[in-house]
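Two complexes come next, and they have one chain in common, chain A, joined by chain B in the first and chain C in the second.
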Partner chain A sequence: MTLGDAAVSRLRALFAAPDTAGTRYRVVGPLGAGGMATVWEADDTVLARRVALKILDAADATPERIERLLAEARVLASLEHPGIVPVHDAGLLPDGRAFCAMKKVEGESLSAAAARLPSAAARLRVFLRICETVAFAHARGVLHRDLKPSNVMIGPFGEVLVVDWGLAAGAEEAKAGGTVAGTPGYMAPEQARGEPVDARADVFSLGVLLKDLLSADGVRPDRRLAAVVAKATAPDHAARYLDVTALAADVTRALDGEAVSALPEGPFARGARLLRRHRVAVLLVLAYLLVRGFILLFR
Partner chain B sequence: MNKIVLGIVVGGVLGVFDGLTAWFTPEVRPQILQIIVGSTFKGLVAGLLIGYFARKVDSMSATLVFGVVLASFFAYLVAAQMGKYYFEVMLPGAIVGLLTGYATQRYGRTPAPSAG
Partner chain C sequence: MPEGRFPPTRGSVLEAARSGRPEERARALETLAAAYWRPVYVTLRLKWRRGHEEACDLAQSFFAHVFEAKLLDRFDPSRGRLRTYLRSCLDALVANEAKAASRVKRGGGAALASLDVEAMRREADAASAAGVPSPEELFTREWVRGVFAAAVHRVRESLAAEAKEAWFELFRRYDLERDDSSVPSYADLAEELGMKETDVTNRLAAVRRRFREATLAVLRELTATDEEFRREARALLGAEPP
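== the complex of A and B ==
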C-alpha cells in the first residue's frame, strides 16, 4: 500500500505539530513557516482568544535557537508600538520547544498587498508608517536587520505591522558583527559581509523596500524619489541617510511636492517644481491677466 | 495663515491690482484713486466673506462656486453704478473670486479646535 501526497502531508503535519498538552494553548493549525520556526494558530483557553504561536521546529530546537526565539520575544516585549505585534507570553512547551505567543494578525503581507494599493501616494504612506515603526525600534536600541515586503503585514483596516523580529539585534550586538543573517537583495552590503552594522543597515533595506513599492505599478518613479532610493541604498553606508527619520523626512517632502535632500536642485528645477506644485493658482492668475489684456486690446 | 486672514490679504491685493488696471481706460483715468479705493474695499470684503465660507465649508468646489458668485455680484454692483462695462468688470471680477476661493481653500489653514 502506498500513501498519497495529501496523506503524507497530513502525517508530516501531525508529526511537526507541537505538544501543547498541559498548557493554556490548543493548536488549531499552521499559519506559516519560517527558517527555523513555524507559526501556529492557537486558542488561548484562559483568555478565550485566538493567538499566533511561534514555535521552534522540532529538529531545530538547539539551546542556541531556543535562546534566539526567547530573545526575539524579549525584544518584542520591549517594543510597545501600534506597528509591532504585541507578544503575550513566551517559554518552553512540554516537548522542550521554545514558543512565543503573539496577537494573531489578520491581513496579508505587503508583498501581496502592494500592487493593490490604489496609488503611489498610498504606497508611500504605508512606507512612512513602516519607517515610524523602525525608527521607534531604533530609538529603543533595536535593529530589525531583515526588513522586506514579506515582513510587513497590512491589516484589514489599513494597519501596518512590521513582523518577524527574529534577526533583531541590540545596538551593541549589531556593532560586534561576525554573523551573516538577513535576506539577500535586502541586506546592506556590510551586513552581508558580516561586518558591524548600525541603523544605516535598516535604512538600506528600507531603501530596497521603497524601490519595490515604487515599481509595484510598473510606473517609473519621479526623479526625487529615485534619488531618495539611490541615497538610501548607497553601497557605502557613510553615503546613506544617517537614520530612518531622515529617510522618512525626504519621502514626506517628495510626497508633498517639495525638494528632497537627496537631489539638490538648481534655480530652474526649483522654479519648474514650484510651477508644477502651484499650477492651478498660476493658471488662474494667467487667465485673469489674459482676460484683462483681451478686454484692453479689443474693447 | 488662517483662511479668513488669507482671504482678506488675497482679496485686498487682487482688489488693488484690479483697480490699477482702470488706468488703461482713459475715460475713467481721472477717477483712478476712487476706483482703486473702491476696488480694494470690494476685494477686502469679498476676501473676508470667502475666507469665512472656506473655513465653515471645507469643500474646494463649494468655495469656488461661492467665490465666483459673490465676486460677480460685487462686480455687478460696481458696473450697475456706472451703468455700463458689465462684461469688462464682471468677467475679471469672477476670476478674482475664483482665485480668492482657490487660494483660501488650498493654502489657508483651519485653526485646530481648542481642547476642553
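== the complex of A and C ==
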C-alpha cells in the first residue's frame, strides 16, 4: 500500500496526542512542552477535576526515560510541601508512554513574573520562599539539579512553586556523579563536568537565580547582596554556602539591613551600616545633643 | 500496559544480519527492505536520474550488496544513524555502478512484492517533473513513508490473522485514504461498513494503537541503540528536524 503525503501527515498526528482510552483521563489540550515530555491539560473523570498530565513524548518512550519520569513522580510524591506541586498518580498509558498526573497550577513562570514584582524586597521574599522549598527537599535527601527562573511558578495568590523535578536525584545518586544534566548558566561547574554533586550544586543555581532577580529592575544590587551572590556562585563548591539554609539566612540578613556572612565588615563599614540603619534614632540623639549644647552655651 | 498483540519485540536488524541463522538474516533483509526500499528507489530515480526498471534493479542489487558485503557489520552507531550510513552506502554503490551492474539481481524481493511499485513509479515521475528537494530531504521523506508503510503492513497482517479485516478497512478509509475535502463521519462509516457507531470509535482507536506500537517496533528493529532510536523516532514523528 502506498501512503500519500496526507496519509503520512495523519499518521504522524496519531503520535502527537497521548492515548488515554480506557483510563480515567480525558486530554483537553497541550499546556507546554519540555525536553522529552509534554504537559497536557486533562480531566480526571473519576474525581471530576482538571489535572496536568506530564506525558513522555512517543519518541522518548525508551525504558530508561520511562523509568526517569516515574522516578520523578516518586520524588514528587515523597515531597509534600506547599512549594511543590502535588502528584496524584503515575503509570503507563495504553500506548506505552509513562505519565504523571499532577495538580494543575495556574500562574506564570518566575522568568515572566520577576520584572512585575513591585520591588527588590518583594523579589527577595520570593527567593526566600524558593529557598525554603529547596531546603525542605534537601532535608528529605533530594537535590533538584535544575533550578532556574523558568522552573519556578508564581501563582495568582502569590504562591511560589518549584516545578520540574525531572532531574532531581537522591543524595546517594548525586554523589555517584557520571551524568551531565542541567541548564548551562545555572548548572554548577562540578555538575557540568559530571562530577559528584551535593546540596552546594543547588546553592550555585540559586545564586544565579538570585542574581537574575536582583538585576530584574536594572538597578545595581547593594554590596552585601552582590557578595551573597558571589559566595553562592563560587566556582569552587568548598567556597560556597554549606547549604541553602545558610544562603537564605544571609539574604534575610541583607533584607533586614544586617551584616552578611559573605561580606565581613571592618569597624568603619559596621559604623556606616549602623548609622544608615538607625539614622532616625541617631538624628534624634544628635538633635537632642545640639539643643542641649545651645542651652548650655547661652544659659 | 499495551496488550501483547504483536510478537515480542524483535532484535535490531543489525543483530539479525550478523546472525549465522539464515531465517534471521532473511528476516533482517525483509525488515530493512520494507522500510528502505522506497527511499532507495526514489533516490535512484530522482537523485541519480535512473529509469524505473534500472532503479528497481539497482535497489534490489543494493540490498543484496548490503548483506553480501556485510556492510551492516561495519556500521558504528556511535558515529551516526543507520539511515545516514545506508544512504552513503547507496551513493557509493551507484558511483561504482560498473561493478553493481554485474551483480545478479537479488535481495529485497520479498519487500518488493508488498510494495506498490507502479504507484511509486507514478509518484517518482510526478516528483521528477515537479522538481525535487535535496537528496537528504528526499531520502528522509521516503524513509518516513517506508517505516509507516511497513508498520501499516504489519497491522494489516496481524488483523487479518484475527479475521478482523473490517477493522483494517476502517483504518484504511479513515486514516489512510481519506479525502480531506469530505471527511466521512463515524456515523457514515458505521452505516457503510455495517457497524455500530461506538464500534467505529473503539475499533479505530484499537487499530491506531496497534499502528503506533507497530511503528515503534519497526523503528526499534531499524536502530542499534536507545539513543539512535530516540533520535530517529523524533525525526520520524516530526518532533525535531531530521
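Rule of thumb we're sticking to: the second predicted complex is superposed on the first by the 275 of 299 C-alpha atoms of A that agree within 3 Å, B and C clash if a C-alpha of one lies under 4 Å from a C-alpha of the other, contacts with A are read in each partner's own complex, and residues count from 1 in each chain.
The working rule: a contact is a pair of C-beta atoms (placed from the backbone, for glycine too) under 8 Å apart; a residue touches a chain by one contact, two chains touch by 3 or more.
Quantities reported herein were computed from a predicted structural model and do not represent experimental measurements.
Residue contacts after overlaying the shared chain place A:Leu286 against neither chain B nor chain C. When the two structures are aligned on the shared chain, A:Gly96 is found in touch with chain C, with no touch to chain B. In the superposition on chain A, A:Asp19 makes contact with chain C only, while chain B stays out of contact range. In the superposition on chain A, contact is made by A:Arg299 with chain B only, not with chain C. Partner contacting the larger number of chain A residues, of chain B and chain C: C. Once the two complexes are overlaid on the shared chain, A:Ala115 sits clear of chain B and of chain C alike. Applying the stated contact rule after C-alpha superposition, one finds that A:Leu275 touches neither chain B nor chain C. When the shared chain is aligned, chain C comes close enough to touch A:Glu64, but chain B does not. Within the complex formed with chain A, the chain B residues making contact are 21, 24-25, 87-88, 91-92, 95-96, 98-99, 102-103, 106. Within the complex formed with chain B, the residues of chain A that make contact are 280-281, 284-285, 287-288, 291-292, 295-296, 299. Of all residues in chain A, those touching chain C in their complex are 1-4, 6-8, 10-12, 14-16, 19, 21, 57-65, 92, 94-96.
Across the interface of their complex, chain A is touched by residues 1-2, 115-116, 119-120, 123, 144-145, 148-149, 152-153, 156, 172, 175-178, 180, 205, 208-209, 211-213, 215-216, 226, 229-230, 233-234, 236-239 of chain C.
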